[in-house]
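What follows is a single structure, and I will ask about it in a moment.
Chains here go by letter, A, B, C, D and E, matching the order in which they are written, and residues are numbered from 1 within each.
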Amino acid sequence: MALSDHFPALIVALLLFSAFLTPPVYRWTPRFSAPLTTFCLSAAFLMAILLTAEVSRSGPLLYHMGGWPPPYGIELKVDPLRSYALLVILGVSLWIFVYALKDLSHELRIYVIGWYYTLFAILVASMAAIALTNDLFNLFVLMEICTIAACGIISIKEDRECLEASFKYLILSAMGTGCYLLGVAMLYMATGYLNFDLLNGALTEAFSLYPRNIFTAAALFIVAFGTKSALFPLHVWLPDAHASAPSPSSAMLSGLVIKVFAIALFLIFYQVFPREILNAVPLTEIVLWLAAAGVMFGSIYAMLQADLKMMLAYSSIGQIGFIFLGLGLDQELAITGGLYHVMVHAITKAMLFMSAGVIIYTTGVRKIKDLAGIGRALPITMLAFTVGSASMIGLPGTGGLISKWYLALGALEAGRPLFVLVILASSLLNAVYYMPIIISAFMHQGEFEYKVRPVPNMMKIPLIIGALAVIITGLLSRPVIVMLQEAVASML
Amino acid sequence: MEILQGIINNYYYMAAIILFVIGMHTMLTHANMIKKVIAMNIMDASVFLLFVAVGYRYGGQAPIIVEGADGVYANPLPGALILTGIVVAVSVTAYALSLIVKIYRFYGTCDYDEICELRSDE
Amino acid sequence: MDSARVMFLLMFIVFFPILMAPVIFYACRYSVRIRDSLAVVTSGITFLATLTLYPAVSGGEVYHYSLFEVLPNLAISMRIDILSFCLASLASLVWFLCAIYSVDYMAKEHACSRYYTVFIFTLGSCLGIFFAGDLFTLFVFFELMSLIAYLLVVHEETEEAMKAGYKYLVMTIIGGLALFFGIIIVFELGGTVSLAAGHIIGESSVLALLAFICFLIGFGMKAGMFPLHVWLPDAHPVAPSPASALLSGIMLKTGAYGLMRVIFHVFSPELIKGAGWDLILGILAVITIMLGSAVALTQEDIKRRLAYSSISQLGYVLLGLSILNSNAITGATFHIFSHAFMKSVLFLAAGSIIWKTGRRKIADLKGIGRQMPVTLGCFSLAAIAMIGIPPLNGFLSKWTLALGALDAGMPIYVLVLLISSLLNALYYLPIIIPGFFEAPPGEEQEEDDHHHEIKFDIQEATPKMLIPVIILALCTVFFGLTPNNIAYALSQLTSAFLLGGGTL
Amino acid sequence: MIEILNALLLLFLVVCAIGVAYIRDLLSAVILFSAFGLIMAIIWQQLSAPDVAMVEAALGTGVASLLMIAAISKTKRAE
Amino acid sequence: MEDQIVRMTSRLVVPFIQVYGIYIIVHGHLSPGGGFSGGAIFGASLVLLALSFNLEAGMKQISHQTASVLESGSAIAFLLAGMAGVFFGGNYLANRAAGYPLGEAGALFSSGAVFVITLFLGIKVASTIATLFYNIIEGED
């Protein structure tokens, strides 16, 4: 076997390797630990690219851990959708990590930075594995690892808000995990399988025997993933957690972690449950209304916030609603739009949190009303912020428009123009709370001329890259969209 | 009567679900954080119980290969999975407890409601 | 003209200004003069390049180029036909003259580098709207222009400007979202949004009506159509005068242009008429005309009065679009020309007056004609054209529109035009007559002593500000003297072209 | 016979769980929890899953209770 | 807890617990048990020492620093043991395909990679429990 066949396992193993190697290395020579993690992340990203190329050339790839085939062994699967998720996860986290290198020295005490690298690598590894795994129980373990690592990169700051927020996050997501596991048990009871593909085959038959088990499982999955990815009524943990964390963590959590669970729900709904089960009960209908409510309420809450990061966190609740809207509409184009929004929002929100981080780093300001005139002091940062906001609003030329375009098209195709109005209304609300920040940052006079620290290049360059990426996702989206559309069409 | 029969036949499942509900209710309604953690463990354990009960075959032996044992074993797969699950649950517990100790250092209380009050007072 | 050359010219015209914008931004670090002349030269070159396209389209040819696909079936594409050419040449001419005017006008202002960058950038995006080959491209450039023009609106950075700008921005985004919705419906119904396809939506349905209303909101908002005009009277007066001239003279027209494209390419005149949607547009246009004229009467600030006047004048264009016959479309297109010239003159002249004297209130403008006779003369010429006095172009457009209304059997529209002209007279003449024949407020006492001797103390604005005003004023005369002028001929061509379904 | 034992054990589990919810003293709650865990281990032994029972006894009950007691010793004992 | 009885008992019991833990770790593939449970038992014995005497006594057996180094070291070793599969032509974490000798069924060394992995896992779990306990109990940092 060629080495490239092992990439699915190697990506995860390499990241874990870097995670466990970092603490001793950091203790021994702190200088080496950052390059080490960066190297491992880039190598993993490179592998993901090669893997994607491989998958697009020769179709889905299965990998059996330890050579044990399912139902006994753990199976990893790479299909176009998963490789897309993998690319987004690894690419965005590498990008955030580069930014984090500088920002962390400001936000964390020096001796925990090594631990931060460890947690970061574990988080990325678990997310990559969530995207890859083809086994429900393995997914459970990975979700727990992911949650602990995510809580870890919040609570590592060790101030009171962070600790409290991460505890809240931990408890609520423990509830989510409990529900998930119960759902898995229900499916296991009905079929005796945990592997996605085997379950998919067996569920049709089991559905006639134990319909209640299977419905309950699906509903529990919605609750579980809804909690973990902050679907509307289950979002209560998110704002505190995302706002109080160090900025790179916020970028990571808002940008990737909540999306990963959304992707997992996509995979479970479309790769595990056969169509007739989804058609038999209005599960997607529930998701649809919750998502629409989330889109609206997230935006409305965001308008009421005084703290910049709090506002961005609430905005994430609205944006995750867009992703679930795709699932809820249960229609090819809408799902494509929702999945594309995973990438768009990952890049955009990460960039917005990064620029908030730069603002806090250079001026120490967190309140929105204190941002007046900051655009003159930090032009590049605020330009990046502007580009990000444009994408959030969905202005043409940014990725936000593309995903909204597909979502709206899907809503029309499904015969539900009402949800197009929801999308438009949320865009308007986004405009109403993002625009004043930009306007006051560039147009009003503030007293920032004297107390601004210079922005280090290590923070500036990721921001510029992010702004370019947002524009690229808006203009050169065609290949990704075509790939996603094919993947979705084959799933439906 | 049929329902009762169903309950009696599936009493492991029923117990597991009851424990799950008790655990989740305690976890979400009690303000004390350590209580929340204990309840979380109960909740997890109940699901594990459900899993193992699913894998159990009536009259089956433990899945250990011993000389002279005949063929009927309980399904070992849920056992292997639950093993992992318990470890995961314990690690979450450990992490939550260390968080609680740190939170106590800041707020002087383990009561979540009191913490919320303290925060809103600021 | 061969196709590749046309394509190159189109790309050049749209992207040259956009690419020059950052150059201008950096040029200001070295020299103010370089920056100013770069702005003038850029707009001049763009104007000349646009003119060279005339032979390509004069015969009714259409060129369509797909640049690259953003999404499947959704490309960024370019297109030119006679209508695009009309508006593009008009826009680049006015832009060029405003650029010349800006050089001296803006010398007193702050943040000039931002102003010029935005000024040139909006030129590119505005031309992009006119040369867009499909609705999506049109939408992209439309939003780009509208959003960037925000910086022109708030240029003064006073509290009033910020408020007006915010209103402008919110309305722009609402309009953009409505357009987005409309375009999506069109895409859903027709599978394409390309303007090359002809009539994308062939039959009336609820969704089609929804799309029409969305376009009406989106483009009508830009064109200042009632009830979406609320941003306009705030936003136009607070901008610097050359920017006001562009906002009122050209950028409003992008809304009308978009509606034309929608009516003739997405739907079809037959469909609009058959479904009775022309009535919606007609009623809104009448309300817009009357309301704009009536409110203009009550305004004290000269630029606000001009802004309200713009609302009512754009109502004429919309009226022409709602009548949908040959004469009416000719009139509407020609009125786009006329209004661009007239309103630019008015705003630029008002700008000169404000620049020179600092007076904005109409009551303070008494006797201004003694100080600035040429400026006020040009202003009067344009105002008279606005009222519709015969040899000027305003008359010609109103006349053509009235002919169209009569052709369609709607004499009530003629009445509307007459009433509006009367109202125009009522709010323009009180500026002109006291401007020439009354004494300035401070000099009344003095004047009694000198036995009503009319004193001319000429203090005109600088030549760079005067010449564009004069040129534009001459245009109003030149394009109004006879119906055989080039603008009128182009309008007739356009009308025949559009009603002929894309051929002459 | 063995069925009845199992049912009783399950009943005891439920009682322990409810007890954990109602006891105000955290240390007692932890003790009850470890009782819960040990009974759970017995049940798993009954369900022919000895390895799970072992892990539950060692980790789920032993270590978890230990850590909880350590945490309580660092914080407050009463709820 | 200055209780003589507790100290004596634990001093007596701890070696047995530790041996039992090791037994469970290495017999994981033959009888119930394995890395997780054996590691937990071993780790618990350390905690017991620390509880019945004092923190220093526990630390004497395995210090906080050693524990954390062991923690990451064993995890890395685990990953590398898995890598062997890739190097020798099997899948990641492969057993026989990676060339681990399997031996005779029922004997102690009869499981190839499983033995290696369980061993590392046991070390990992034991040291993790020790670090966790120290972390909670040590207080300020």
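Some observations on this one:
Here is the rule we use: contacts are C-beta pairs under 8 Å (C-beta built on N, C-alpha and C of every residue); 3 or more make two chains touch, one makes a residue touch a chain.
Note that the coordinates shown come from a computational prediction; the quantities given were computed from them, not determined experimentally.
Graph distance from subunit C to subunit E, where chains that touch are one step apart, equals 2.
Shared contact partners of subunit A and subunit B, listed by label: E. Counting only contacts among the remaining chains, removing subunit A from consideration leaves the groups B, D, E | C.
The most central chain, judged by the distance from its Cα centroid to the centroid of all protein Cα atoms shown, is A. Sorting all chain pairs by how many C-beta pairs they have in contact places B-D at the top.
Spacing of subunit A relative to subunit E, judged by their CA centroids, is 35 angstrom.
The distance from the centre of subunit A to the centre of subunit C, with each centre set as the mean of the Cα atoms, comes to 45 Å. If each chain is reduced to the centroid of its CA atoms, subunit B and subunit C end up 70 Å from each other. In subunit E, the positions touching at least two other chains are 32, 34, 36, 132, 136.
Multi-chain contact residues of subunit D, defined as those touching 2 or more other chains: 50-51, 55, 59, 63, 67, 70-71, 74.
Two chains count as a pair here when they touch; such pairs are A-B, A-C, A-E, B-D, B-E, D-E. Every residue of subunit D that touches subunit E in the complex is listed here, in rising order: 50-51, 53-55, 57-59, 62-63, 66-67, 70-71, 73-74.
Residue ranges on subunit A touching subunit E, taken from their complex, read 1, 3, 6, 9-10, 13, 16-17, 20-24, 63-67. Listing the residues of subunit E that touch subunit A in their complex gives 68-69, 71-73, 75-76, 79-80, 82-83, 85-86, 89-97, 113. Only residues 69-72, 139-140, 143-144, 147, 154, 157, 162, 165-166, 169-170, 173-174, 176-178, 180-181, 184-185, 187-188, 207, 210 of subunit C touch subunit A when the two sit together in their complex.
On the subunit A side of its complex with subunit B, the touching residues are 71-72, 137, 140-141, 144-145, 147-148, 151-152, 155, 158-161, 163-164, 166-167, 170-171, 174-175, 177-178, 181-182, 185, 188-189, 194.
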